[in-house]
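Each of the next two complexes has subunit A plus one more chain, namely subunit B in the first and subunit C in the second.
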Partner chain A sequence: MSNIAGKAYAMNVITPIRWTTAWLNKLIFWIALKRPSTLRGLITLSLIHYARWVIIGKNQFPHLDSSQPKEKLHYSYMLFFSNFNGSWDQYVDSFTFAIPGGLDLFWKWNIRYPKSVALTPFHHYIRYNQIETIHYYNAYPLATSNDVKSAKAVKDALIQFQCQSADDESDDNFLQRYNALLRGLQHDLGAMHPTPIVSMSAYQVERRKRWHDGSLQKEIAAQQAAQGGQNHDR
Partner chain B sequence: MTQKLDLLDIQGNIIRAYGRFGYPMARYVFFNIRHSARAREFVGTVTDRVTTAVEWGEGPGQIKQPDWTVNIAFAYQGLKQLELPRASLSGFSPEFISGMKDRRDILGDDGPSSPENWDPIWAENRKNRDKDVHIFIALNARLPALLEEGYAWLTGVAKQYRDAVAILNGHRGEHGALYDYQDVKAVMENGQPTAKEHFGYTDGIGDPVFEGAPNYDLNVRGRGKQLEDGSWAPLATGEFLLGHIDEAREYPPAPEPILLSRNGTYMVYRKLHENVATFDAYLDEQGRKYPGGKELLAAKFVGRWRDNGAPLVKAPDAESKQKFDAEFAAADQAGKDKLLSDFTFDDDMSGAKCPFSSHIRRINPRASLQMVKGSKPGSMIFNKDAFDTPGALSNRRRILRRGLPYGEVKDRSRDDGNHGIVIMMLNTDINRQFEFVQQEWINYGNDFQEGSDKEILLGNHNADNKFPSKAVLQVDPNSDQAPYMLSKIPRFIETRGGEYFFVPSLTALRMIAQGVVDPT
Partner chain C sequence: MTGNISGNAYALTILSPIKDGYTPDEIAYADLIRDRLQGWNMEHNSPMAKVPQTYLCRFFVLDDVYTESLPGAGFLDTLSDLLPVVPDRTRRNALPKEDHLQSRYLVFSCNFHGGAGGDLEGYLRGMWGAIGDRIREIWGYCYGFEQVTDADTFITYMKKCQLPAALFFNGSNDEPLEEQLKALYLKQELAKFAAENQGLDAATLRRNFQAFMQRVAPTNLAEPTWPAGKYRI
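Showing the complex of A and B:
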């Protein structure tokens, strides 16, 4: 199990809601989609890849085969599904700091929803209703969603720059265009390195995995060799 | 919603940055406990002399300003040795319980900053029971002779309790000599204490203002939290003092009973070495290439000019700086303070004045994280009303800063002298406040849409070629300039030690001393 893949975290939260109020939630979702300004706060939180809310009726859960026992559910459910960069705390806290009103609107009719402020009861609510991710694959473990967006911007700008280049272009003109290229990309040039660790527990799990596959021992030996050399230099 | 704090119950170092109140020197002494019951008596004796946050005055019934101050704090191991009940101990935050060394991977204390390279007192802490750092005592003084007086008092008390507590040796000083204490003092110029640190910057300006702190309403602009309508409000007390409501309108998690935690807080102690030669060389080298010249470049690293601390958003170039200086010279104390502190990043959303990677923007971004890309290439715009409050992403990441520089730069061409800063940061949630800033904003840049680019001054930059550090100094998107790239940034700051401490209230100190802490 891991909710983490590279710099991404997957969060699934499923919370009960009465069928009598579920339709109200659907209405709110519908309005939010029609009026994008309601989602502006969410979009400004750039650590979020996306967030999705779905109402699953009590009879809508998959029933794969006649041999699968039928479930008798009391409630409908709201599934919240999101991928983001950073830690659980950072994500949940960003939500409650920035858009507590929006959260309360979306979860308002969910059973025993405590409201997003104060923080600790909200943390507990999410924790207790979160479903751990069993399988999670990330094709670009080093990249955050900002990194991906920036990479695309850099690529597009470079191609455009290339297309506008002419063999007989004056040096001055080239420089001016080049400066404009860099200026236009000045918020897209961040480096992409394997930092930071998400939490000490996640880090320890990751180290244990590497121990079991034998790579950690090799790394430590290499590090010690390097450090031995360093101490010698002092 | 104004509330008055019980200043007689709060330790003085929480409310006052002593350096700015006429105490430009201090000595920090650390103890290991050898006998629990007698150590509680030691705490009691020290407590009688502890400096509170009460207002000083010369009048009848008022408390006179002391010549030297005493403050005390405890590491988790220390509270355990003092035999706090398990039920109270387990209420402390996990990172306080683990200690700073254990959090190295979160804090980015690697390479030259890694615990193996810390001063012996810190390297040996939490390794061997007899070397564990248990108690922290700080003496701040007005004059060197008074500091000696305070120290003589403390060593006298320690001697009286030598069966109970031992002063820990192992603070590196001049030429690697090891001391029984960490000496710190303001950088002196012509015999006068200054607000400078060893790279030449003016320090000690920004400090959060919170509800109930003395005079909080007078200097809230630029120091509290920025509101939608351009006004400022003090931060919630609970961001800095346990047992008070915080920004999330709840009591921050704290150990029980409430009498143990209320009016106390957590303190992050960090000894940070400054590589002055590396800094000067890098600044010289880049300053020759940087179009704005060396001093502007130095200002870009921090977000303030070195000489008087003028904020870049108010004085973004040499010309505006001249105007600022004239105004600054003519202003009275309150006016000067306003000029230095009362600013926002709202008119500098793209970072053309104060770069995204600069020290003060990364550490206190004010409302600037409410940002989205603008339609003009290279621009960021203020996304008004996106969040419930514009400072939503920074208001819960604030820290009170205490501490002073240590050592003296005798040879600017060498890194290995005895010089740096002992910084002490106070907050009610080490993980949410200090550690978050250190990890996500200093050693990483995604929140600023700068990928892995680190904060210029403090980042744990790598000298190797595998992951060299760089920073982008943004320019006005409407200009014809190119952003300036700082490449291969070396490590200017190295960690030399530190630990997490709990700073109890006077009530809690007395309870600890009497051994009566009981959460039942």
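Showing the complex of A and C:
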């Protein structure tokens, strides 16, 4: 199990919603899609890579084969998937503090939704309905969502800087442009490093480190030699 | 399925029903899938690192849905919880019902660069081409997967398992993955360069910077760059 891949956390939440009100939720999402200004609050939460809501009608679970039993559900279900940076508490709390109204709007029609304020019942609700990820892959585990966005600014600025270079430029002029480049990028620069490991896959990360420095291969060889020796003794 | 597309990013949601069966060792197919996915955590990098344009993705097994037994904040919930004068039968009827799934589902949720048109077929074709064997290893115990023999049948199968997103929020930049990885490489290298070259005279700095630009080649996406899934500096 691993909800964490580098600096990203994978959250999965499934909550029931009456089929009679599921369409209302869909309508709210549709309006949010048509009027991007409704998502302004989410944009301020720059720790999010991507998030999505999926509503599965009570008769819409995929049915692939006649031998597969059909679902007999009372409710429709809303799935929420998010990829964000930081800890579970930081994320859930920042939602509550930044966009409590938006949060309530999106979950309003879900069964027994306790509202985003007060915090403790909301924490219980999310934790109760959360499903653990087994395998989580991140193409850039060293980077946060803000790193990915700021890296684009760095790349664009460097390419532009290169385009503006001229062979007959004086050194002083170059220095001026270089300083301006760094000044312009001061919010986007910053070295990335691996995070301290706080996931259940910590063991594997440690193991990978030992693999990179060559000690794991030696350990495995020693283990195999020891096992071989034991078998031989038998 | 326009709800799946935001900018150039695509949100793919797959629920594949898992066969209700056991291996000769009496391990449920759903648990076998779980074990195999757990095994992916033990590899040096995820097999998904080989699938072109994958930003982030996850796998889990949905065993069942939850019955809401915690107090809520809805009007009827509060009324039925707080008023002892409400007849017990009425109160019980207001409680959430208990649901159970008939099948377990393998859930695959993925964000990838699909371009403005959301090229799902291209992505799935790339996925099959890159890790077809590993896909069989995970999906092999799902209903309907026995009909998958090549990229085309895989695309057909995945589309049958796909659910549309009601709302997809894209909070990142959605450039092609190789552009993003090159940009991260440049960000890391420029930060290092700036720190190491502080206070130099203009001529030396210029010389060093020219060498730096030649080394990092900002417009060359192929190299030098970060590989997908790079987890150490």
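One rule holds for everything that comes next: the second predicted complex is superposed on the first by the 194 of 234 C-alpha atoms of A that agree within 3 Å, B and C clash if a C-alpha of one lies under 4 Å from a C-alpha of the other, contacts with A are read in each partner's own complex, and residues count from 1 in each chain.
Here, a residue touches a chain if its C-beta (ideal position, glycine included) is under 8 Å from a C-beta of that chain, and two chains touch if they have at least 3 such contacts.
Quantities reported herein were computed from a predicted structural model and do not represent experimental measurements.
With both complexes brought onto subunit A, simultaneous placement of subunit B and subunit C is permitted, the two fitting side by side without a clash. After overlaying the two complexes on the shared chain, residue contacts for A:W19 are found with neither subunit B nor subunit C. Once chain A of one complex is fitted onto chain A of the other, the partner contacts of A:Y113 are limited to subunit C, with no touch recorded for subunit B. Of the two partner chains placed around the shared chain by superposition, subunit C is the only one that A:P141 touches, whereas subunit B remains out of contact.
Contacts of A:D172 after superposition: subunit C is touched, whereas subunit B is not reached. More residues of subunit A are touched by C (comparison of subunit B with subunit C).
Looking at the shared chain after the overlay, A:H193 reaches both subunit B and subunit C.
When the two complexes are laid on top of each other via chain A, the two nearest Cα atoms from subunit B and subunit C are 6 angstrom apart. In the superposition on chain A, the residues of subunit A contacted by subunit B and by subunit C overlap at 43, 46, 147, 150, 178, 182, 185, 188-193.
Within the complex formed with subunit A, the residues of subunit C that make contact are 3, 9, 11, 13, 15-17, 19-20, 34, 37-38, 40-42, 44, 46, 48-49, 54-62, 65-66, 68, 70-74, 77, 96-97, 99, 101-103, 105, 107, 109, 111, 142-144, 157, 160-173, 175, 177, 179-184, 186-188, 190-192, 194-195, 202-203, 205-206, 209, 213, 216, 218-219, 226, 228-233. Those residues of subunit A lying in contact with subunit C across their complex are 1-2, 5-6, 8, 10, 12, 14-16, 25-26, 29-30, 32-33, 39, 42-43, 45-46, 48-56, 60-65, 67-75, 77-79, 81, 83, 106, 111-115, 121, 124-125, 128-129, 131-143, 145, 147-152, 154-155, 158-159, 162, 171-172, 174-175, 178, 182, 185, 188-194, 201, 204-205, 207-209, 211-212. Contact residues on subunit A toward subunit B in their complex (touch as defined above): 40-41, 43-44, 46-47, 85-86, 89-90, 93-94, 96-101, 117-120, 144, 146-147, 150, 157, 176, 178-180, 182-193, 195-197, 199-200, 203. Within the complex formed with subunit A, the residues of subunit B that make contact are 98, 102-103, 105-106, 108, 247-250, 253, 350-351, 356, 370-373, 377-378, 380, 383, 385-388, 392-393, 395-396, 431-432, 436, 439-440, 443-447, 449-453, 467, 469-470, 472, 474-475, 477, 479-483, 485.
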